[in-house]
């Protein structure tokens, strides 16, 4: 039997080894945004959407989404989250549209950071808003979605400059 | 025993009844975007990221994400998808950054549309790019994410105007 | 090689073959109940529970639970649900406690009934109420949980007599 | 751009922060019950149900259900369980029916209790009994389901009084 | 903004489009095998394994595994299975070891075949046997695992020749 | 009410209690194999399979499969993996077929070993290769699949002798 090893090593994917990383408290704060029409905004605020209370459902979806992060992001390490919180605020845009700002805060005590959990929570939360409102308007836009701040771990404190 | 019914009906959530909707072929095309630095762009293109081949992993994640849509979006109807395809293209931005454009195409034969599946695939795909690159740069931005086009179903054809 | 076949066939489990069953519209209505103290009742009604709006979260959990039925009940056939609705009502019990009645309604067009989906939705909904309130009272009781009515399929209409 | 913050803070849901809670050994013992006819009882005992050995399948379902708790209960913290055990016993009721009593015992070393895992295991186990027997009898009743005892954590020992 | 399209199209993965494929009855029969020592064999047969009744648990795991196929195999189309059955038989090998043969039978009415479901059921079933017995013997070997027969669909009947 | 306890205790399944086991670093290395025709081999190597880059997708599937182990193997304890790596090599067999060897390496810091995670990763990886190639050849064979080595925990070091 002849060994043939022409596998290209370059592109190989792996869940990198974090066994030696220290367990510390880690937090992450991410943000997403959903931009929608005045009509949709009023339907949400007045609880008139046929699928139900948009923000209540989206918040639950975001929190559950945080717990599913390692399940949907292939190279992400599984983590036992110790806290997830999501808050909403509205902005009136100059073009007459409304922006729903979604802030997610995730915490754990573990060997890897929780940036992905905060970003995934924000994304699932925003997608749920879209789902609850798409019967009224399909042109809703999600994003930008990004990390605001993280603490803990070897790479230490990160705070987005332009905020 | 006394009945007390002061439940506010307004905010109630439900998975709306689509039993009577016709089974037709339905397609959706969504788009997301990941904006990142030249350094990250070069690491991706040259397959130098420690976690592996960013676009290969992100594409698999996006396709698997499409199949998990009804699992993560609370009021979304479960559907047996018949096809999912994801393509990438790069744009060089004016500020020296690079934009990875993610296009997702989803198909089914069913009673509800696949907009959420296309949008979820695009979001999970973008989040995976972030995860694979965050060791190099945590300021990567995801989005905007939106629907480009859908066909099939009672509401018929939708095509985003500004595209 | 000698064949030894002393497997006891009696106890064997299987997902029984429903390939030949007709696809018809099927509905199920199940009920569960959560019995709790006046203190917990008031905390729920006044939205004072630390984990949030108990009924809003429980309703979302129940709907998502319906979609997970074939995932948690081993011999249950997977089904694409076309509608799930959950409603709540309160009863004041003779002993001063309060009973939250949970009614779940599930619909599909398929080869098997949706009794398990309605019962699982009711159970997950009730468990979520417990989870949201257990910091205040651990002696909350769930149940009885049972099927009220089902329609569709070869076995036809079932309606619980004592209701 | 004008900030509009009229989000009602009262109803907000969150996965409460347990980062500072101590990791201790925690146990929980819950109970559920399935009340069924003599005919169903005999079918179970004599392994005559078409779907298979009811108690064997239900026990596996309950144990797997314990591991899925944080996945189905929205505000429940994820935990790595260190042990799950489920036992059954039969009672003959005065009205000629039979009661299958389900006792679940769950253990972990962690920051939050395992009451929800024990209750979820008991509920999934009972639902599986229903599923395996519903071809014979749809009027089976599940419950009551409640916590018998818990140990560990700041709130300490709880033991249900009426047991 | 300048468009840069140097994505290599060759390696792209996709869930291929089966929208136009006909819905027909499809069956698949796969086989796996677990080779283990006489000591392990006797422990299984006499129900002496500490984790419980090996074959009962493995059978449930295999059936549930069939339902999870599209969740774990990235490019596999989701399908609503209409039947899953698993049987076991023992062979005594010439070297004194014992071979547990696992036969899985899966059925559906759909647009794609169920080969992957039958093979995944067989693999999960075999892995569960390993898990239940590994405290006694870690040198257990799984496989070969392969397709015996499939029917239905455009590619028609396949029957493995050497069987 | 009369107590009837004729439950056979022998066959009972449980997730055994590991609360008292020490948290140590644990590793496992498992192996699987996929034997396929020269035609399939060349299609894989030249990236000509319609579903995409076989090895890239299979590697991602295997890593995600490792994280799903406790979800699919009923009595397996949940664990937070700290690293997963999968490598491939090709062998040319004497009969003109080709063997793809799959090596999986899994690591954690925990109370139980990661043998099941390594074996599950290898199996899911092999199944994915089958799925990506089955349009060309349905007679592909998976296995043998077995543990090569494990370290850590009370049972200590295991190394397969015949390797």
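In order of appearance the chains are A, B, C, D, E and F, and numbering begins at 1 in each one.
In the analysis below, a contact is a pair of C-beta atoms (placed from the backbone, for glycine too) under 8 Å apart; a residue touches a chain by one contact, two chains touch by 3 or more.
Please read all numbers here as calculations on a predicted model, not as lab measurements.
Common neighbours of chain A and chain F under the contact rule above are B, D. Of all chains, the one whose Cα centroid sits at the greatest distance from that of chain A is E.
At the interface between chain B and chain C, two copies of one sequence, fewer than half of the residue numbers in use appear on both sides, so the contact is built from largely different positions. Simply put, of C-E and B-F, more C-beta pairs touch at C-E.
Chain B and chain D have Cα centroids lying 35 Å from one another.
Averaging Cα coordinates per chain places chain C and chain D 13 Å apart. Here the CA centre of chain D is 30 Å from the CA centre of chain F. Shared interface positions of chain C, defined as residues touching 2 or more other chains, are 11-16, 53, 56-57, 60-61, 64, 68, 71, 74-75, 80.
Arrangement of the chains shown, judged by which pairs touch: an irregular graph that fits none of the line, ring, star or complete shapes. Taken pair by pair, the chains that touch are A-B, A-C, A-D, A-F, B-C, B-E, B-F, C-D, C-E, D-E, D-F, E-F. Of all residues in chain F, only 53, 56-57, 60-61, 64 touch chain B in the complex they form.
Those residues of chain A that touch chain B in the shared complex are 10-16, 32-33, 47, 50-53, 56-57, 60-61, 64-65, 68, 71-76, 115-116, 119-120, 123-124, 126-128, 130-132, 134, 138-147, 150, 155, 158, 160-161. Every residue of chain B that touches chain C in the complex is listed here, in rising order: 1-7, 11-19, 21, 70-71, 74-75, 77-80, 110-111.
The touching residues of chain C, when paired with chain B in their complex, are 25, 45, 55-56, 59-60, 63-64, 66-68, 80-94, 107-109.
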